[in-house]
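Order of writing sets the chain letters: A, B, C and D. Residues in each chain are counted from 1.
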Amino acid sequence: MIDKYREDLAQALDIVWSGATIAIGGFGSSGRPDALLNALSDLDKRDLHLYVNNVGHDFTGVGRLVVEGRVRRVTASFPILQEFYRMYFDGRVELELIPQGTLAERMRAGGAGIPAFFTPSGAGTMLSDGSFPLAYDEGEAARHVPRKESRDFDGRPHVLEHGIRADFSLVKAQKGDRKGNLRFHRSARNFNPLAAMCGRTSFAEIEQLVDVDALDPDDIHVPGVLIDHVAMTAAPVPAAVQEGVS
Amino acid sequence: MTIAESTPPRLAGRTREEIAARVARDLPDGVTVNLGVGIPLLVPQAIPEGVEVFLQSENGVLGMGPAPDDGGDPDLTDAGKQPITLIPGAAIVDSATSFAIIRGGHLDVTILGALQVSESADLANWYVPGRHPAVGGAMDLVAGTPEVWVCMEHVDREGRPKIVDACTFPLTGHGVVTRVYTDLAVFHVEDGALVLVECAPGATARDVRERTTAAYSERLR
Amino acid sequence: MIDKYREDLAQALDIVWSGATIAIGGFGSSGRPDALLNALSDLDKRDLHLYVNNVGHDFTGVGRLVVEGRVRRVTASFPILQEFYRMYFDGRVELELIPQGTLAERMRAGGAGIPAFFTPSGAGTMLSDGSFPLAYDEGEAARHVPRKESRDFDGRPHVLEHGIRADFSLVKAQKGDRKGNLRFHRSARNFNPLAAMCGRTSFAEIEQLVDVDALDPDDIHVPGVLIDHVAMTAAPVPAAVQEGVS
Amino acid sequence: MTIAESTPPRLAGRTREEIAARVARDLPDGVTVNLGVGIPLLVPQAIPEGVEVFLQSENGVLGMGPAPDDGGDPDLTDAGKQPITLIPGAAIVDSATSFAIIRGGHLDVTILGALQVSESADLANWYVPGRHPAVGGAMDLVAGTPEVWVCMEHVDREGRPKIVDACTFPLTGHGVVTRVYTDLAVFHVEDGALVLVECAPGATARDVRERTTAAYSERLR
């Protein structure tokens, strides 16, 4: 019997090891799996490499993992959090900055058995020529994102980008069933299907658990074969409560 | 020496249904499986009670059920273009996503027929030179799925071994086979080499050896 | 005002030139755009290069184009039609045989601005080593599908495959609206979204024209931005009628 | 020579709203457009009656409408994470499909701000060294969209030209810009070179020349 629903989110997620690579859905806070991300903090996971589009304004989710010093590297297109940049320039977290479309396509490719592909995005820029600082040390760029292989197609330069195969993926959906089938609502879909594709073990938090025959097979955004564990989204916790008495 | 003189006599080993049933016994509960044509299509009927095997069809169906009682939905077929049904929890995807799932290793087992399997686990199952070449999804399935189980007759119609030192037919994939189930035996692939782990009722290890040109080791249970 | 609905299918399709490359949806007869394919025959288009998974059993659609001698080359994974093979061995049509997943991914890639990608499918086989006959002449293989570039990733051989960018694409959907948004029914979806992606100009035949706000934005399988012309599916014409008096 | 001495005085050319309106006038009916932040976000309000411009947002929205009157749907935002609405005929896709559409050239026009545009149509718009690096979808948009229209002030806050012989800021893309709309002028790119096609009301060709370090030709209408 295939039943991927987990009552105890923390127990299920505890298989994540410190040092793991983790692909994460969401665009800003839209569709971001905060219950799973917060559980990683609560479970004291460390030394993580996150593949995620944004490091958001707030200190929940990805931001919380970062400010708690649990993140070794972020592969992203648009970090925003001031505190993240302070840690980056201080040499306490690495940043692999890549174009947003490259991040999405690398996630999909890795999950699709495509180890590498050529894209025009970023060709001939400092995101592909080996000059972007991956890590700082004492205020100086200490290491750089490696130069990317380049090749012309139809007379235009393209760079070789590699598929992302993460140890784990964390996604958030509106609806899900016990077979792991998922549906998203509006633009909260974003990176979630790609993150689901590229994790060797994938966790989905859902707002609503539906019966196994409730979703029309034509209307499923992520088929259950890509999902290993389904749990409920936690109710949002105001930041004040987290930092306060409780 | 003619073929008739050189080939050992045919043995009454497992029937096609019995091969399928033997394979079915090895499928763990909850596994996701792609089935090729031939003997593999007999596997679903042989799944033991209480075991859930989730069937995928390469044309974009996840959660395939049995053939419909009536004519079925003309927009719902398997990879052999035959009408099928869906089980609760089924999902439909496009062909690129279907093969992303296949190539990306998201299926657990692919069960398929073969022309030949070599001693280094190479598979030939798509093309007999001189006939009509067509490949379908076979090369993607064997490239992507962690477990590739072959179901076939141990020897061909002329009595020639199909488990060979090197494939003479064009390859589907190199070193991709992980198990072989025939009417006479079951082989596992360990560290890239064949291991005979079981002889079918009515077949001895010597019978298998006489009908196999591949090198293999034995670890009979 | 964006209105992609065309009353006159033949008029719309007449922009296809002889010699064009055309990507086609469908898996066998399931989801195959027969109205568009038959219109190409009726419009006397010739010298076509078709990207399509199957050349089916029957003489409608792709099969009709082939047996009428309108096809220069077929890029496919699973032709079936006996007549097609006779023409192939006779040197009257070329066959670029590729794995099914490679065909789907090449269509998607070409439409996604990805000129090339690496895949393990077909590595080390006659479909990638330069030995598969592309064309016969007097019973002998006259030309071969070129050898594919190979590279190891994670110790396994992969081959470089190129994105397909077709001049036109032909797809069939169950429902569509005047903005070109499409929905498919069950496994008739198959190659249609990929074909839609990779044609510079794309035609969709639909069974049912729906109001522009009838499809939920979350439930659209192909967004209208990928479709240029929408027309109704013709009622199926029995083969006997086609070959008979009318 | 200080900056104050070397830069010509500021001119009262087009306002930001007028730049947006000027761009809007060039958008044909039925075109699909991506809008960057800044002046481009003022374009939709300036679309003439009877012209349909279909707006895409890189986070997977095709058919974006105006901001909602109420708080809106928290699951429906634009690329700037602001609440939006959908128009009839809108569709939602995932991020890989969204960028497949972008990179594959299925949008018609991308309208974006810039730090600098060079005389060979290079664009720099993502990063000021020393500040916080973040790129988003800019490099994909300029790599994939056939028409890349830049909307910006003609000079920076210190009065320094932004249309330059060579970009000093890190590039977003090489030779990707097809038009530039500023408070003072409109340039088209033809055969990879800038052509001044229009001076804004209140600006002369000489004014533009004095505030531009890029080489360009003139074909004023």
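Keep this in mind: a residue touches a chain if its C-beta (ideal position, glycine included) is under 8 Å from a C-beta of that chain, and two chains touch if they have at least 3 such contacts.
Model, not experiment: these values are computed from the prediction.
Chains making contact with chain B as well as with chain D: A, C. Measuring from the averaged C-alpha position of chain A to that of chain B gives a distance of 37 Å.
Work out the mean CA point of chain A and of chain D, and you get 29 Å between them. Shared interface positions of chain C, defined as residues touching 2 or more other chains, are 105, 108, 112-114, 119-120, 185-186, 189, 217-218, 221.
Annotation for chain D: residues touching 2 or more other chains are 86, 92-93, 99-100, 102-103, 143-144. Arrangement of the chains shown, judged by which pairs touch: an irregular graph that fits none of the line, ring, star or complete shapes. All chain pairs in contact, by the document's touch criterion: A-B, A-C, A-D, B-C, C-D. Interface of chain A with chain B (complex): residues 1-2, 108, 110-114, 177-179, 181, 197, 212-213, 215, 217-218, 220, 223-226.
Contact residues of chain A toward chain D in the complex are 27-31, 53, 77-80, 82, 85, 95, 97-105, 107-108, 119-127, 132, 157, 174, 184-194, 221. By the touch rule above, chain C contacts chain A in their complex via residues 105, 109, 112-120, 153-154, 158, 183-186, 189, 217-219, 221. Listing the residues of chain D that touch chain C in their complex gives 29-30, 32, 50, 52, 54, 56, 62-63, 86, 88-93, 99-107, 143-144. Every residue of chain D that touches chain A in the complex is listed here, in rising order: 57-61, 73-77, 79, 81, 86, 92-96, 98-100, 102-103, 127, 132-140, 143-144, 170-174.
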